[in-house]
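Below is one structure. I have some questions about it.
First chain written, first letter: the chains are A, B and C, and each begins at residue 1.
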Amino acid sequence: MNYFLTEEQQMIRDLARQIAEEKVVPQRAELDEKEEFPWEVMKTLAQSDMFGIFIPEEFGGLGMGSFELCLAVEELSRACLGVSTSYAANALGTYPILLFGTEEQKERFLPDIAAGRRLVAFALTEANAGSDAAGVQTTAVKDGDHYVLNGTKQWITNGGEAEIYTVIAITDRTRGARGASAFIVEKGAPGFSFGKKEKKMGIRASVTRELIFEDCRIPKENMLGREGMGFIVAMKTLDQSRVGVGAQGVGVAQGALDEAVKFARQRVQFGKPIISFQAVQHMLADMATQVEAARALVYAVARYVDSGAKEITKASAMAKVFATDMAMKVTTDAVQVMGGSGYMREYPVEKMMRDAKILQIYEGTNQIQRNVIGQALVREAARKA
Amino acid sequence: MKIIVCIKQVPDTAEVRINPETNTLVRDGVPSIINPYDLHALEAGLRLKEQVGGTVTALTMGPPQAEEALREAISMGADDAVLLTDRAFAGADTLATAYALSRAARKVGFDLILCGKQAIDGDTAQVGPEMAELLGIPHIAYVKGLVGFSVEGVRVQRLMEDGYDIVESPLPVLLTVVKELNEPRLPSLKGKMRARKAEIRRLTREDIGAEEERVGLKGSPTQVRRIFAPETRKERKMLTGTAEEQVTRLVEELKSLKCI
Amino acid sequence: MRIVVDPEKCTGCEACLSSCPYDAIVMKGDKAFINEYCQFCRACLEVCPEGAIKEREEEAPVGGPGGFRGVWVFAEQRGGRVADVAFELLGAGRRLADARGVELSAVLFGGGSEEARRLIHWGADRVYHAESPVFEHFNDEPYVALLERLVSEYRPEIVLAGATPMGRSFFPRVAARLGTGLTADCTSLEIDPDTGNLLQIRPAFGGNIMATILCPRHRPQMATVRPRVMKKGVPDEEREGEVIEVKADGITSRTSVIETIKEVSEARVNLQEADVIVAGGRGLGGPEGFRMLEELAKVLGGAVGASRAAVDEGWMPYSHQVGQTGQTVCPRLYIACGISGAVQHLVGMQSSDIIVAINKNPEAPIFDVANYGIVGDVHEVVPALIKRIKEVKGI
């Protein structure tokens, strides 16, 4: 397929692919096995300007958008979803600053982020606030020129490794959803510490930790947007980043498909390579078709997001839900095509299958995505009526 | 500090094969790459530049399409690039190549020249030292570590068969480097964008003032008489008997093949 | 010399186009044409079904420009001892000298007169020997200066050196100073019976092809030869010959060796550059198995590799892994011990010159790429192999 990429877009895709093949593939099994954060890969990505893709040129970035970011995410995901999660979570944490930061905040943080000198994380989820984001219990109380944060964030990707955190906390419990605000918290802030590192089923190269705030004082200049805008910051951020999760789905599925095809050509049963059997061909054909359909949707939505459209929630939810359900199916089928070999850690597809599962869960479960799409349909119908 | 890094565009040899029936190279779809050893030379040049300042110029001799390799060097961080290209250079062996490159290096100017230890297509490892000779400068081959660097000179680790030597040389000097020296960086996006627009300086035989009899085929003392496929693997021999018998047989065979 | 297409015979079938490694054949109208990118590799010659591609013969065949006579071997010494490769070269040089009906001489810088005499035992008729403090350590310039001086004075027709780090470093400079040709890493040297030229055969393209190289119009003909390729002769302590002491006056070096560090650990031998690799897999049963392989590697002067399975088990560090996700290697000898031969491993080692497979399972795919197969328990076979090699090598 030809998606008519510009020369610059091809450049991003090619370089991301080169990094994936040369720096990620050789060590992905080890990173998974040892549950090790891929610092070396992050350094390579930084040196290659990959962290600056979606950051404006005035702040040291390349001034491109979601689509270009998706191209890079897709290529990294093809090699290792753990690595691409660490990379994409950085973008997720950066969007609040990009979308709602003041000039001063942008100048303070974006150049370091664009250069990959400092890693970012986004902190919304808590023990009682997952799909129900309104359940956030972490509080931020104003005290003179500071806010004082208390509470615990859970399952924060890049937690402990990142140096910059965008955190959603309640500033006024009486106002419900309008009582939350967003803050930038830097590693090393007094009263800010990290909890245990989670042991996960997949994406084990990525790090997931608790963030613990105990009377954590941060200057009031670190608030993003105005007081009470916390959930808007969070929702707009997720609207931007969701299509990236779709790109992760396309990438990991493509990676699994590639492995399955390669294996099916080599594996001989009944005196023939198994790829010559129609039963196998049909499975591969369905996998390839699904990957391509998801890619077309993800690319279209990413371009739509970059067009500056206001209402992107439904489209980005569609891209996420379709591409990630597809990824789960295709990676599972890749294991099936490869049979016993596919199930063994000797080959990468069992890892891809384990990794893919998270895509249906994080950044809003696929059930929540369907709610979002459904509600949008209801609203649109009501508007027409 | 003016640093020249010599690079060569080579076919990815891992994918070149010979058709044993026709005795010809099979190269359908074989990609061209920068000689891998040269990437280590480039990395060394870039790191020195980052430490002590200066410029890194990538230099290659080859057909016009070798420009691609130079752009890749720029995308990794080289400041500029020179393509030595002229139909008069065709058919050059190592001596004629070294002569042309040495003339070009003189024209560009340098304090330090870095080369990969050898190119993976020819594997001769001759062009670097021959260039140094023709330039009348010292060289150190098989550099695996840079221990010290100043305007006066370099101190390096030189790989030898039984270990390594610490060797010093004044500048200007030519170094050929091995893979242990460093881990080459990948290009950056900004570098790639710069490379796309960069002006590649082209030099011809006349530009570098090279004598006609000393370049290309005319200037090459050696000639390729023929190429052919290496002997293909003989039929597999399964050894039998007790472990001792098998081992004795094996050692005899390996001795006759000069493997032991 | 040129390679040309005979337009009379060319049918325009385009069969030759893809045979050219340099994209030098293009269609001009309905005929093939060879343009200036031609590197004279001759790859196209036999592809043409019509025989339309031809070499236009060079000027008069050369029987060796006059005044150059004799075969020389540069004998490398390090730490005062002549390297083995010098004796191998004397074996090859003797053959060439006899074929040409000329004398064989060796050149030795440093090392002492005892070592000089040994070169005679190994086949040299004459040894040019120089002693000077400048040869205490290896620096290129003094070696270049004195060898060039001797060659210019005595005018040998062939000069050989070992393709060692030393030989490959300073020999090109000598050739450049003399303005003659040099062929690196030869695996075979013959005299062309018709012209008397030296036929120098060497691998190229990573060993994927072999090439015969000539140096017809220049003398001396210079070549380096890989260690362990040529056969040593038999030393004869009674052999007579002449040692000529030469002076190294006025020879200086701009480079200087500050320190020489010996590294005997096998880890030094980078897998990529090792001549011999002994590799182990899951069949070794544990990390102890690798201690055994290290010993085998040591007696063979090689490096230790490992399959992905063994690395995954934590028996060997990743840096030793051979295969698709590890390193690709092509040593002269690859001994696979307890490695079943998954495709991922085979792609990393199957271009090795000689492959020996030792495995319990006679069906293991590793045997498909092996030259020699031993079906047996590695724990039995490998110690026996170590013992046998030690006996043969007398260590």
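Keep this in mind: contacts are C-beta pairs under 8 Å (C-beta built on N, C-alpha and C of every residue); 3 or more make two chains touch, one makes a residue touch a chain.
What you are looking at is a predicted structure, and each value in this text was computed from that prediction instead of being measured.
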### Message
Over the chains that touch one another, what is the least number of steps taking subunit A to subunit B?
### Response
1
### Message
Which chain has its C-alpha centroid farthest away from the centroid of subunit A?
### Response
C
### Message
Report the chain ID whose CA centroid sits closest to the centroid of the full protein CA set.
### Response
B
### Summary
subunit A to subunit B, mean C-alpha position gap in Å, rounds to 41
### Task
Find the geometric centre of each of subunit A and subunit C from their Cα atoms only, then give the gap between the two centres in Å, rounded to an integer.
52
#### Entry: For subunit B paired with subunit C, centre-to-centre distance based on mean C-alpha positions, whole Å
17
### Task
Please give the residue numbers of subunit B that touch subunit A in the complex, ascending.
185-193, 196
### Task
Using the touch rule from the top, collect the residues of subunit C that touch subunit A in their complex.
308-309, 312, 318, 325-326, 342-344
### Task
In the complex, go through subunit B and note every residue touching subunit C.
11, 13-14, 16-18, 22-25, 27-28, 63, 65, 87, 90-91, 93-95, 98, 120-130, 132-134, 138-142, 155, 158-170, 173, 179-180, 217, 220-230, 233-234, 236-239, 243-244, 246-248, 250-251, 253-255, 257-260
### Task
Flag every residue of subunit A that touches subunit C in the complex, lowest number first.
25-27, 29-30, 33, 266, 345-346
### Message
If we count contacts the way the header does, which residues on subunit C are in touch with subunit B in the complex?
### Response
1, 18-19, 21-23, 36-44, 46-47, 58, 78, 83, 137-141, 144, 164-166, 168-173, 175-177, 179-185, 199, 203-218, 228-229, 231, 253-264, 268, 270, 272, 276, 300, 328, 332-333, 354-356, 362, 367-377, 380-381, 384-385, 387-389, 392-393
